[in-house]
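Please go over the structures that come below.
Heads up, the next two complexes both have chain A, just with different partners, chain B and then chain C.
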Partner chain A sequence: MTATTITGSAAAGAPRGSALDRRYAMLGLVLIAPSVMIFCMVIVYPLVSAIYLSLFSIYTPTLQGDFVGLDNYATLMASGEFWRSLLNTVIWTVCTLTLQIVFGIAVALVLHQNMAFRALARSLILFPYFVSTVVAVLVWRWLFNDLYGILNHMMMWAGLVDMPLDYLGSMPNAMISVVIVGAWKYFPFVVIAVLARLQTIPEPLYEAAKIDGAGPIARFFDVTLPQLRDVLVVIILLRAIWDFKEFDLIFLLTGGGPLISTQTLPLMVYKDAFGLNDMGRASAVAVTMMLVMLVFMIAYLRLTGREEKEAAQ
Partner chain B sequence: MAQVRFDKVRKAFGAAVAVEGLDLVIEDGAFVSLLGPSGCGKTTTLRMLAGLEFPTSGTIAIGDRIVNDVAPGKRDIAMVFQSYALYPHMSVGENIAYPLKKHGVAKAEREEKVAQVARTLQLEHLLARKPRQLSGGQQQRVALGRALVRDPQVFLLDEPLSNLDAKLRAHMRAELIELHRRVGRTFVYVTHDQLEAMTMSDKIAVMRDGVLQQYAPPKEVYDRPANMFVAGFIGTPPMNFLSGEMTGEPGRAAFRCAGTDLPVSLAGGASPERKVALGVRPEDVSLGSGPFTGTVRLVEPTGHETIVVVESPAGSLVTRAGADVALAIGERVPFDLEAERLHLFCAASEARLLASFTRSGAPAQA
Partner chain C sequence: MTNKISNTLSSGLGGVSRRTVLTGIGAAGFAAAMPGIRRAHAQETTLRWWSPQTAPAQREAYDYQIRTFEEANPGVKVLFESTSDEGYPAQMAAAFASGQAPNVVTHLPSFAVSNYWQNGLLEPFDDVIAMIGPEKYYEGANKIYEITPGQHAGTGIGNSAANMLWVRTDLMEKAGIDAVPRTWDQLRDAASKMQGGGIYGAPLPYARNSMTSLVFVCFVHGAGGMIFSPDLEVAVDSAEFRNALEFYKSMREFCPPGATAYSWGESLTAFVSGATATGLYTGRVLANVNAQNPGIAEFVSAHEYPTVSEDVPHWTFNDFPSVMIPKDAPNMELTKKLAAHLFEPDGYIRQLHAAPGHVLPVLKTISSMEAYQDNEIIRKYSDDVDRMAAAAAAGHNLGWESTAHQPNTKAGQIIASHVLAEAVQRYVMNGDAMDAVVSDTAMRLEELMKG
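On to the complex of A and B.
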């Protein structure tokens, strides 16, 4: 609070600001400078650079090329592959995020109960999140394998299918598999965040609801869910961003296949840049991706922000 | 008809016993306070009545119905929590309407009842606000409104005034008394504040360590405390206890304290206990004259009176004197005890002994 006052008066450029005031203001600048420099280096430069590259037709190995203006974008807009990848990205993000949220909340509710081995269960639940994506994907590919995977083995043993299913090589199985593995990998993040919030919901709210005649389901929708709202806004925002630009999990699991059925925009960027050696077009996809994300995020924050404001009034 | 009856109710949390052998009948329409220090079992008792805790043994009945196995929402009760427990995302109006909604009351009727309650509690202009935009007193009234709107048989109030400042508390006390008078329902009120219990209740149940100590109207609890705990807990400043012993034979006994004998008559001619404690309320000590003398240790003027602590050979005495009393610390002061208003307790069991004191030496009847 003191710092705010000091910088506030310094910023106002009060002529009678004491030497101490100015020294504090200077200290503030010095302390903030490294962050600003690092931010410029790792965020601003790549961003500007990507936008710049997207205006050229560039051969990746030599990074040589000609200025083409917005041609890359025009090509993209006309390309079916781009739209298909965008659609895939949206399907993947929406589906895997929904599963993460639903399972995350469900598991958090279970782990919030007083039960045996709760501490152990709480630690174990983090396992998928901790495990390296490469390792996780290798294990899943093994489970999914159509020749010797345990999943097919068990399904056939249980009599659910007559023939082994091709989980990763046919549609819609491939997309479903990717979505499920994504949900499995990232739902612990939701569990942890929701669990932390659950523990701070005051018990009397539930007791009041019980006395008011609310059953368990009504208590969930009338007490728990509204209390989780703020944390869910943040989780959905973060997870949507991360899922939208998810690369390694999908790339390792299906490589975007069959054909481009599970190819999302990040995979398309990779393919254009290093498969087709067209860095310009890849940059254009990346920039477009960023714009799409930006539009969604602004809309989302506006929406939740407005609800919040209404709630506050 | 909503008499509340506790029958041999016991509640244990593992090895810790919160309530032991509670027998308590709260008459229909009465305002009863459960009073006691922290951990005395008063809140557990209330929560068992609410259905938020289940008795380990014994039965609880509301009206003619034993409610041990009845869900909280079906007991026809309403509860006001210490923290108010208002639903933060709902407006004041929605908060008040919530219990009606959960009981399937139609929207039009809900709105009408909410408006009525809001009028009663002067909340009309706040109905659209969220709880966090309200002051403590307003939140308190919303919590009351949520209880009132259902018109339940029994109101349960768990230290509802403890989060308010002193002035507002006094105001809300008066409002609650008025509210109880108007709705005429049974009120069960948990508090550790004896002033609240004394001023508002028809009867007070004083509890200690899970055991009911005394259940009587406020005046009786004050004038005839059942034991030393009740005597010491009720009254500010608390009752003084002087230890001494009984002398003489039954019928002509005396309490010997600081070299002076106070003649006492024990009821039923019971033989006097040797070790006893004499209870003296601060207002029953008069300074300035009398057979006893002590040294002034502390003088605390409060404005309308002065609290004087006197050190006497029988022990330290807190006394109440007039606002304009002029005493210096260290001064020797004679004092007297108002014989008719003294209390005698058995030092071992702490129970009240039926006794009456007389000044003249002629024993009076108990």
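On to the complex of A and C.
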């Protein structure tokens, strides 16, 4: 209210603003300057740098090289490795995200029930999400190990296989393993978000459904799922963005192999930038990745904008 | 509301203006930081030392070398930071690019040194070699570092024989094998006879990593071929290269299923744990077997890796573990003193004893010292250590494939690109046509050499 009064009087009485207004405007600029500077440092500068670097052929350790224009992009578009890596990225993102959502909702529904040790179970379920990726990968690599891994040991003991399975070194096992580990690592995020939303669904909705004769499955699809819709949209968008740029888990599990069967775009960026010391080409891959992720971002912004409009109405 | 904030500030601070308050906060912050700044100036000089060789026993030896250097140079602190065999290209690139390169880097392969030297990132090492004493080195030990005639880009801190064939004499005896395999046919035959009962024939890597590339380079030379000609033209379109691929493929049935994801660590563990009858590794096997599986310690021995026939000489992969100094390293004089200090006999011998037979001395004066010979493992396996030392001394790597070859400054990028490992995977695991694999590999190598 005060701000409105000040603005109004300033507009009516002094079109160019009084000294006090100018000082307040200056103060405003000073106060937002740190935020703007930080934004420029962590968002604008890396973004512009990446685009700028992608126009050069650059030796990484010295960051020196020649201007090549759009050659890096032309090379990428003609590169089978790029398209295969993009396809791998999409396969990884879609599959692991689907598993995360399915398991996340299922576990959240279980943890929403009255059950013994519910608080303990709710705490333990978060463990994969909190554990360091390096530790998680080391544990899984031991589980998958052909000579000493418990998975192979149990499968051979149960008579399911005669010889140990090669989980990480052959296809499609490698991609399936990576997807499963990714789902295990990140599904607790879905559990937390869905569980929070489940606790706010009004109980009368379920009572009314029961009176109408709806069974558990019908209640899930007709009551629970529609109520979860908004939170699921946000989760899917956020997790899609995060999974799309996942690096450490895949790099540590398979290194992108066998061949380039599990090499996603972030791994390609790493290989180009530091293996081949070609920062220009790596930047071109990164910029292309950014453009793909921009699609996710626009979808996210549109959805959140629409929700805000609906809430305002 | 804004007025209220202004008023509150004025009244609460006894009429002091906002500008005065902000100036005061700034001044107070600067004053608070000043003692720190003064302390920083008064603090000791810090030198940073990087290495990918960081086994606990090696770290103990490094700590001793650091302590003695710090005692000899009051006010100097040496900070050890670890890197890794697979991760050093990224860490070094980032360090160079950000101007945060360490003072001394040890144990990187010689071809990494040549690449950095070629791009003007290293300090000439001749002063350090002079401090160590050039006469103490084995003949020609530093030739690989003389990329620019008359100047050394670095020096060796040791030799390694990375592709020694490790055998279990107990399993050989049980299988009725009376001689260590000399040719590939004999190796395949031995692996076949010893495989069974939960033991595989060999732990060769089939992964997309540096070990697969380096082992394949060994096999190409074991077939009598080369990756590049002496004047560094791509030379993979050859019968020898094809023969090496065939041999690698033929060994797959004797390797554990998970060998498709093996690197150095997994391959070593497979042999040391007794899961494979043969191994391919450096002398680190000795210390690990004695510590982790002493039951087989009496039965392991090291030999040069077989070749296609007795007419083709052995080819040992020596990555020539190096010492180098980044050009922009601060405190250059102290840095060079530290680099030279690493070769002081008491510390150097501790470092070598930390992994007996794994890193072998480059100084003949050290090899002949009683203190160096006075090690349980070196004494116990003296024949094996001698064989490894002789093999390493005649060893080469992709950066210097033979004495006739020019130094290949692109070797590090070729290994990091996984071109050679992918050739193995395509032929062995995907079953791609030989001609297509060879042709694609040749093309990619040419691109890398041009790039």
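Following the convention adopted for this analysis, the second predicted complex is superposed on the first by the 265 of 313 C-alpha atoms of A that agree within 3 Å, B and C clash if a C-alpha of one lies under 4 Å from a C-alpha of the other, contacts with A are read in each partner's own complex, and residues count from 1 in each chain.
Operating definition for what follows: contacts are C-beta pairs under 8 Å (C-beta built on N, C-alpha and C of every residue); 3 or more make two chains touch, one makes a residue touch a chain.
Small disclaimer: the values here were computed from a predicted structure and weren't measured.
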item	value
Joint occupancy of chain A by chain B and chain C, clash or fit	fit
Which of chain B and chain C A:Gly257 touches, first, second, both or neither	second
Touched partner set for A:Thr60, first chain B, second chain C, both or neither	second
Partner with the higher number of touched chain A residues, chain C or chain B	C
First (chain B), second (chain C), both or neither touched by A:Gly80	neither
Touched partner set for A:Gly159, first chain B, second chain C, both or neither	neither
After the two structures are overlaid on chain A, angle v-u-w for chain B, chain A, chain C in degrees (C-alpha centres, nearest 10)	150
First (chain B), second (chain C), both or neither touched by A:Leu205	first
Partner chain in contact with A:Gly213 - chain B first, chain C second, else both or neither	first
Partner chain in contact with A:Asp146 - chain B first, chain C second, else both or neither	second
First (chain B), second (chain C), both or neither touched by A:Arg229	first
Smallest separation of CA atoms, chain C relative to chain B, angstrom	36
Those residues of chain A which chain B touches in one complex and chain C touches in the other	none
Chain B residues touching chain A - in the complex, by the definition given at the top	50-52, 71-74, 77-79, 81-83, 85-89, 98-99, 102-103, 130, 133, 146
Chain A partner contacts - residues on chain C that touch it in the complex	1-4, 18, 89-90, 92-94, 96-97, 116, 119-121, 206-209, 256-261, 270, 273, 275, 413, 416-418, 422, 425-426, 429-430, 448, 451
Partner chain C, residues of chain A touching it in the complex	2-3, 6, 24, 27, 59-63, 144-148, 163-170, 254-260, 270-271, 273-278
Chain B partner contacts - residues on chain A that touch it in the complex	202, 204-205, 207-215, 218, 222-223, 226-227, 229, 311-312
